[in-house]
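Worksheet: one structure, shown below.
Labels A, B and C are assigned to the chains in the order they are written; within every chain, residues are numbered from 1.
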Amino acid sequence: MATTDKNTAAADAPSERYARGLAVLQQIAGTERPAVLDSLADIAPDLARFTVEFGYGDIISRPGLTLPQRQLATISALAAMGNAAPQLRFHIDGALNIGISRREIVETFIHASVYAGFPAALNALTVAREAFAARKDSDDADAGPVAPATPSEPGTTRYERGLEALARIDGHAGEAVVASLQDIAPDLARYLIEFSFGDIYSRTGLDLKSRELASVAMCTVLGTAGPQLRVHIHGFLNVGGTEEETVEIITQMAGYGGFPAALNGIAAAREVFADRAEDNPEH
Amino acid sequence: MATTDKNTAAADAPSERYARGLAVLQQIAGTERPAVLDSLADIAPDLARFTVEFGYGDIISRPGLTLPQRQLATISALAAMGNAAPQLRFHIDGALNIGISRREIVETFIHASVYAGFPAALNALTVAREAFAARKDSDDADAGPVAPATPSEPGTTRYERGLEALARIDGHAGEAVVASLQDIAPDLARYLIEFSFGDIYSRTGLDLKSRELASVAMCTVLGTAGPQLRVHIHGFLNVGGTEEETVEIITQMAGYGGFPAALNGIAAAREVFADRAEDNPEH
Amino acid sequence: MATTDKNTAAADAPSERYARGLAVLQQIAGTERPAVLDSLADIAPDLARFTVEFGYGDIISRPGLTLPQRQLATISALAAMGNAAPQLRFHIDGALNIGISRREIVETFIHASVYAGFPAALNALTVAREAFAARKDSDDADAGPVAPATPSEPGTTRYERGLEALARIDGHAGEAVVASLQDIAPDLARYLIEFSFGDIYSRTGLDLKSRELASVAMCTVLGTAGPQLRVHIHGFLNVGGTEEETVEIITQMAGYGGFPAALNGIAAAREVFADRAEDNPEH
């Protein structure tokens, strides 16, 4: 393979990637001197450099997703992984620094209960509580108890609401999951409809596209949810996401879950894109 | 799909699910006012409600498994996940509150060394030690050093004992695993027989059905052990478990490892049930 | 199956396995009385015995890899798992006790950023920093800031350097990964080349064979990186590793990630070995 135009030595210059990465890292960290630079200085200064150059200069600086979308994907991934509390703390603060609300952060972690389980959701909220309490802006209008979401129309059951949401969001792919459970675990299908879609996806506080963005990020880094990742790539596309945005979310996961997670996520995306192209040949 | 009878608005009434869930949560927590309710009140009160309604009202209240079986599945899952220490602590206490013995808890975590590795077993035991030490009933007959299990008949090697246990518990599925390793890693096959079956499965302190219940729970939440989950669903059925119980264990895992883990576990169960139906057409 | 010669009651004698295991554990722990023995004495003394007999007597004592190679595989696995900080701390000390340098440990954790993500790398380095600071030999020549690796020839881009390294290390398997991304996520392919191979694999401080040993260990315990495990088994064999060593690394992972991780890793190795035998029938 020949070196392509965009891979010239000029574009490769460390100072450019470093400067670009540092600028976005400063924005997220809310400080001129992000702590990761100093905390690694004595032991692995190169990893600090890679974090800035690759993590922020190459990945987070990319077009295709807004910075709030990227930060939402990051906290989704770290919450689902469940083993990266220091980084989750940093990125909750980062989310607040770039304008994501406490309500959206809390909703993202409630959303995580579906994909990574209640322990992951509870532990992420513990970190969020610490982050919220430590901020000077803790008496914002945004602070204080989050009002319960009130999604339902009167007279609608959770099952009805969930079934409607499942059909609208995940379409055929979601309905196929439910159908496949009827012979063996119909109650699990019912919980999927009632809890995941009737309770969680129907909540206010985080728009549907953001919820599916979070689902794609979580399923990508978990690495154990291949069929569900496919369903939710469909879902993300069904609620307004684009194929380009899908690729951006998954590519970003290389930094949080590692390259294998991102590579396997892209393989799932390829299958979904091909399925949809086949179903809609005019596109 | 039409709303089925059991999904009527009446059955859906929040107060009924909440009341049912709170009752079982109180039993496990050993207190009228479980801490999870207050700890989430300021940040995500709806997640506290979902925990009670869905986690305890829908799932843990289900028939098909006893409460001690469910609590054993829970601590097995949390030990294997290895990233949920606060929840593991709560559920170790919960297990003791509903009559599971210290010995059974310790045995469950020793058992986890096979499926999730020694670090997971050691870290779960660290949490157990803290839980045991903090209890008022720490001078029970049950407390103090756990007597070593003494499984073997004199003159029997670990290999002989393990091979017999493997054949009895996992049957053809287990023997196929061993056979498949002979050409490439025969010593790994030997360790599987000697350590997993000769040392661990042959121990007293936790009956065989409970061990396979734990194995199914662990492999389901790990999400990375598909072939082994199949083997141990066979194993659970071979030592007295039923298909209904298998579905219950896996369904319960939605709350701990997330819905993807449960859905993928059910897919594995479907395959195993179909295999067995084919092998025993008269059933 | 009959009991084979090596599985006689004599070879099975606990004292022999225990003595052999204790000797190597003492060497790694750097003390006559490793803490794990006492820390489990009150709660699960049998697990302490299994750790010595199985973990160290059966596995770590095996021929086929040197003790430093085994210790490198262990810290690689624990760093990638990200949920075993106490064990990682113990084994970083163990690595230093048997002659692995601080530089090699730091490089291993920087290497982990590729497979398990930056949070895993950062959290492992936090543990390493604590371990390094607590040692009496902290003023060794080896201590202090690690010099940045300077891999590149002047005038070479990261892309060029990475592409050359990818071809040399992972061969056709690596190039196939890059090719498969061109239609959907070409920038992820570029990052794989530039960052993983141009930045990380090209670094000094850890030789190539050790890097691929670490990659195989990490991908095995993660359990979510099947395709990447296959690529890096090829890679390990391409840079001087043998099939026997590959089996040893993966077998060792039974103790850290559990038997399912090791069994699935062996299944991947079998496929790779068969592919290579087919491509090189004279071997």
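What we mean here is this: contacts are C-beta pairs under 8 Å (C-beta built on N, C-alpha and C of every residue); 3 or more make two chains touch, one makes a residue touch a chain.
Heads up on the chains, UniProt names are A, B, C = Carboxymuconolactone decarboxylase family protein.
Note that the coordinates shown come from a computational prediction; the quantities given were computed from them, not determined experimentally.
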Contact graph of the chains (line, ring, star, complete, other): complete
Rotation angle superposing chain A onto its copy chain C by C-alpha atoms, nearest 5 degrees: 120
Separation of mean Cα positions, chain B and chain A [Å, integer]: 29
In chain C, residues with contacts to at least two other chains: 81-83, 222-224
Footprint of chain C on chain A - complex, ascending: 1, 3-4, 6-9, 12, 36, 40-47, 49-51, 54-55, 58-59, 62, 78, 81-84, 86-87, 221-224, 247, 250-251, 254-264, 266-267, 269-270, 273
Chain A-touching residues of chain C, taken from the complex the two chains share: 80-83, 106, 109-110, 113-123, 125-126, 128-129, 132, 144-146, 148-149, 155-160, 163, 175, 177-178, 180-181, 183-185, 187-188, 190-192, 194-196, 199-200, 203, 219, 222-225, 227-228
